[in-house]
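Labels A, B, C, D and E are assigned to the chains in the order they are written; within every chain, residues are numbered from 1.
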Amino acid sequence: MMATDTSIAPEGETSPSGGKPLMSLKGIRKTFGSHQALRGVDLDIFAGECVGLIGDNAAGKSTLSKIIAGTHIPDDGHMMLRDEPVRFQSPADARARHIEMVYQDLSLCDHIDVVGNLFLGREMTKGPFLDQDQMIKRAEEMLARLEIRIPRLTAKVEKLSGGQRQAIAIARAASFEPDILIMDEPTSALAVAEVEAVLGLINRVKERGVGVILVTHRMQDLFRVCDRIAVMYEGTKVAERRTQDTNLEELVDLIVGKGGH
Amino acid sequence: MMATDTSIAPEGETSPSGGKPLMSLKGIRKTFGSHQALRGVDLDIFAGECVGLIGDNAAGKSTLSKIIAGTHIPDDGHMMLRDEPVRFQSPADARARHIEMVYQDLSLCDHIDVVGNLFLGREMTKGPFLDQDQMIKRAEEMLARLEIRIPRLTAKVEKLSGGQRQAIAIARAASFEPDILIMDEPTSALAVAEVEAVLGLINRVKERGVGVILVTHRMQDLFRVCDRIAVMYEGTKVAERRTQDTNLEELVDLIVGKGGH
Amino acid sequence: MSTTYTERVAGSALRDFVTDFAQVLSIATFFIICLVFFGTMSDVFLTPANLLNIVRQAAPILVVAVAMTMVITTAGIDLSVGSQVAFINALAAITISAGVPWPVAIVLMLAAGAMIGGVQGWFVSYQGIPAFIVTLAGLSIYRGAALLLTEGYSIPIRDADGFLWLGRGTLLGIPVPALIAVLVVIAGFVVMWRTPYGRQIIACGSNLEAARRVGMPARRVVNSVYVLTGVASALAALLLAARLGSGSSNAAQGFELQVIAGVVLGGTSLMGGKTSMIGTVLGTLTIAVIGNGLILMHVSPFFTQIVTGVIILLAIWMNTRLFTGTWKIGKGASNG
Amino acid sequence: MSTTYTERVAGSALRDFVTDFAQVLSIATFFIICLVFFGTMSDVFLTPANLLNIVRQAAPILVVAVAMTMVITTAGIDLSVGSQVAFINALAAITISAGVPWPVAIVLMLAAGAMIGGVQGWFVSYQGIPAFIVTLAGLSIYRGAALLLTEGYSIPIRDADGFLWLGRGTLLGIPVPALIAVLVVIAGFVVMWRTPYGRQIIACGSNLEAARRVGMPARRVVNSVYVLTGVASALAALLLAARLGSGSSNAAQGFELQVIAGVVLGGTSLMGGKTSMIGTVLGTLTIAVIGNGLILMHVSPFFTQIVTGVIILLAIWMNTRLFTGTWKIGKGASNG
Amino acid sequence: QDDGKTFALVQINQQALFFNEMNRGAQEAADELGVELVIFNANNEAFEQNSAIETYITQGVDGIAVVAIDVNGIMPAVEQADAAGIPVVAIDAILPEGPQAAQIGVDNAQAGADLASFIGENMESEEMSLGVVGALNSYIQNVRRDGFVDNLPEGVSVVNTVDGQNIQDVALNASENLLTANPGMNAIYGTGEPALMGAIAAVTSQGRTEDISIYGWDLTEQVIQGIDDGYVKAVVQQDPAQMGAEAIRSLNTLADGGEVESEISVPVTIVTQDNVDDFRSLFE
């Protein structure tokens, strides 16, 4: 049933640093009802690199990402963070370990304003009270870095455009010094300039030593930021390539199962 | 305040057919609270052509699309459908005129199964009852055409992956012989093969004489299916180009306001 | 390099079934436990006479619960049903006492119920006022109207044996109210399960804007479910009047909470979209069975309220743990 | 080719304000209309004595409404508050009658309230049982417990003048219950408006999963709001006991609906996330004012319930039309 | 004729004939005396009664009559009224020691006991097993239940007590279950109008009029029918209209500076087939 790519080069070789992985997943499985979302997946993430996670729709990319972020608890498998076994019971556990995620569904609170969503779960306070002024000031910086324009930071996010909402989710995850940053299709609703800004952001955080996982269907972006690309198929990881060793056609073939050349 | 591109060639010239437009918008305005989402937009859609609608995030693309689909009622402006003035009070009015839309937020009912969502508002019946068998049969065909795999058609859509959900929204809008098909970022969550399927679908329906409006941030797709491209900026239409007369760089410049060369 | 591509194997369909129907399975299990428990504790409980008794008593609640399921499925609520029952029940007694032939009175009452419900539904759907507020106002208004009509008298219904038969008679050995309730339940079940109208109700509760966008007459649908609670309340009022042989403003106090309790216990979600007509029936009957069983067991009336509450709570708790699979030992036991 | 690029001009901020606060503005307007109307109809209405009267009478409801606002903001509900009030109110009378010094009794009662609320909250948040069912069971259980404690009689509180002062005394000319209610309201307002805890409550109601995903202790927060309704109910029970000088299992029947009505009238949404503490205060006071005004106007008791219901309904209707801008004539009047 | 006096009657609810009759009697007396009467309906909420009394005090009415829900809880309001110089009289429910000027009505405990001894005097067989349909949420009815049960004669056993909650249809269900639960039971005692109505509907609709005897409180048309048919044996009938009238007359006297008896008793009658004819006119 397991079908990981056995012919791929051993771990050390695909890693950019040759060192120990920041995070390491082994044999991750997850079943929903009768549906095997993940059928035993291994994945390493190294500090300062970006791993692209690609695959057909419903291949299990989001499920795997959520497991790393503590949102789902795997049915089976092991996770190691800096050589230490971890078992996240909730996203709070993962966040405490500096793992942040941009969710595909964004996970915003529609009834809370832009600032509030940016600082959700990490509100700035002055004494026992929210420090709204300070948060607004920082929020402006956070959004400016993503080149997104939001006229009224105290407007509820409910009414914002798709791209504006996505930018908020990205700014929230990226702004609090994560060690591991998981981005599940972060640029799907963004316009050209904003996509550039996000790709720039990824390259910047990589330089700071952050390990990034980028789930995306935009193949051309992979080659601009990723060091390594993992391909998923029907709940398994079927291949892993260094970006410099592969090309678009190969990846597309791998995704749809015409791989293995 | 109005800032449409006045130097552009007159209507007839950008139209592929040289005939009358299928639908024509004039001076469309829409304000939400203090925010001018649309500040007077003109747009024509001709039968058998695909108009690309692009622009920065929050430029007003979705708002304009929703007005055509009857979801928003414009504050001001006129709409003509086949030379006849129309004023939609609700999406039902637009649907009655064979205008279908794929919404950016998908507009699925999470508690209803896949088949039910595909046929939402157009259930097949046998006597007074839903004809579930018939619907399942047709649903399989609808989804197969988009190359999407959904194992259990009677599963609630709530739990499906992002791409699966988007495919359902597309299949729903495209399958009922629309005259005008509006697609608001329909491929944002789709994998490579599925995107191809949607582009193929657009070309197929164009051949049948459908007028398609495609809102997208994936510039490369525009050149594969669009005949004409309208660029929006801050609630106005700032430019309109025939696809064959423009290129990627020009479009990107137009979007961010460096246009007008 | 060669990679091995394998397709997923579909797991047991039973697991999907259990997941999809967890709430109904849970209330069904608990219902059966109740039957067994009370059957063991009391000789009388499982006698046909007593079981028919329970269904007859539950009939008015069941009838309204069916319509309430639809209202709650649209993410609405109708708090006014008890007051509507009191009002129509009083009006029916007055109408019949005034000499109007009872079949005509029945039709008039059902029409009055539809009208009352229609007005409330209009405020909810076309005016966008929260259903809770509209029907809370209704709760006050119709109870007041019942008071005003009867001035506190309970109005006897005489010389209308056909009418009283509705509440007290039997057909083929089965109490008429029970038969009527069963018919209403079947109709409600079929509507929700297999008709476009039922689909519209679910869609409106799941995502009202989506329902509107696909061209459904969303407002009309939302309006209509309140018409249904109105008609159902009128029917329940007729059953009660026929059973009591009188109409009184005192009838059906707290009725709304009993009805809603049955619906929610059955798994229909107050947040809309999630619905189960079978669940409603089981939920309503469970509450009726507990009430009946405790009396049969001679539990002191000072304890009945406590015991009823505790049983309901523990039941739903036990079953949540059983069917959502969170009872797995060790990891995965907590969901966060 | 040259294209003209212009930026949007920001419209009037007033429009945003009106849109953002439509519901509070609406209930505030209506509250003022009520004051003016009853002031005109009755000489006594606007006298300080009567106004203080109203606040004192509304105090127990206000106290619980503040906590209820938080519960409803999390998309929950607490139907058991009336029964909790009855239970604690009876317990308090018994405790004080038994010779426990009243300050100790107060602390014990508040702790008991916290415990009751905590248990209910645990079922809701950690066990995932719908709040409606849990607290409906609570409604039954605590009313039953109160009955059992008192055996249906009322228990007088004697020789505890300090305690009775809480319900009857004044401080600087203002009734003590009113002062307590004002303090609770201010605390509630500040918490919801400007503290991380208030933000967590809103987040849990708006999108529970999102709140969890950003690392908020979502379950603990949901649990905690029920602790607050428990404590608030205990406080209300003490105010009532002190005002009535007795504890009775009959106290606070239908209290839960009054509380929830005030909260919902004030614009807090039963679907969660949307909250307004000022709205709650205005909503609760509006209902109190209508009750008081109708008595002063000597409206026949047969009509009060009808009139109350109609006023509430028409008020909210008028205001919905006024503030949502749907009153614009002609096109745009309908939103679909 | 009009000397501008206003009296308030603070009522429990208006869903039973009893209270409405009381209101009618009070209104007739008020009309007779040329005073204004305002009635407040508390809908069974004890603290609403206090609120209403406070409001009437601020408004400065000339006298208040109250049918208390919570006899202890009403006292602060009564004391407040007294402090404001407004006379208060209590109807039906007996208030504890306090400044109220008069207690009008029935001794419910005594009347309950009287009905019990009536049963003792008229027992047809040695044994009677009896079920009680009560209203645990009504203080007055609890008093009636205890007064009755505590004084039952030899040979009568209470097999079961159920709670009808003072609501007819609840009482009906409870009565039906009572019948099912106790096949050997041969009598029912209903402590108030809704309870009695529920018991009657249960017994008639289950065809048990042959073997069940019904006792209870408060006449209605159905009860009279039951007496005629023979299965309702004896019912305590109060004279609520007179209670209301006495209350207003007393208040009027008090407001004029006069004095009234501190206990004004309005006697009850135990209605049986023998004297039922006297009461038929009430319901015409």
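Following the convention adopted for this analysis, a contact is a pair of C-beta atoms (placed from the backbone, for glycine too) under 8 Å apart; a residue touches a chain by one contact, two chains touch by 3 or more.
Since this is a predicted model, take the numbers as computed values, not measurements.
Counting steps between touching chains, the shortest path from chain B to chain D takes 1. Each of B-C and C-E has its own count of C-beta contacts, and the greater count is at C-E. Of all residue numbers used at the contact between chain A and chain B, over half are used by both chains, marking a mostly same-residue interface.
Distances between chain centres, each the mean of the C-alpha atoms, put E farthest from chain B.
Look at where the CA atoms of chain A average out and do the same for chain C: the two points lie 46 Å apart.
For the pair chain A and chain D, the distance between C-alpha centroids works out to 43 Å.
With centres defined as mean CA coordinates, chain E is found 72 Å away from chain B. Taking each chain's centre as the mean of its C-alpha atoms, chain A lies 29 Å from chain B.
Among all residues of chain A, those that touch two or more other chains are 34-35, 90-91, 151-152.
Counting only residues that touch two or more partner chains, chain C has 8, 10, 16, 147, 151, 212, 302, 304, 336.
Listed for chain E are residues 14, 136, each touching two or more other chains.
A list of each chain pair in contact follows: A-B, A-C, A-D, B-C, B-D, C-D, C-E, D-E.
Interface residues of chain A, counted against chain B in their complex, comprise 32, 34-35, 54-59, 62, 104-105, 148-152, 159-164, 167, 185, 188-195, 217-219, 252, 255-256.
Those residues of chain D lying in contact with chain A across their complex are 8, 10, 16, 20, 190, 194-196, 199, 202-203, 205-207, 209-217, 273-275. The touching residues of chain A, counted against chain C in their complex, run 1, 3-8, 31, 33-36, 39, 73, 75, 87, 89-91, 233-236, 238-239, 254, 257, 259-261. By the touch criterion stated above, chain E contacts chain D in their complex at residues 11, 14, 36, 38-41, 43-48, 50-52, 54-56, 58-60, 69-76, 96, 136-139, 142. Only residues 75, 79, 123, 127-130, 132-134, 136-141, 143-145, 147-148, 151, 212, 219, 257, 260-261, 264-265, 269-271, 302-310, 312-313, 316-317, 320-321, 324, 336 of chain C touch chain D when the two sit together in their complex.
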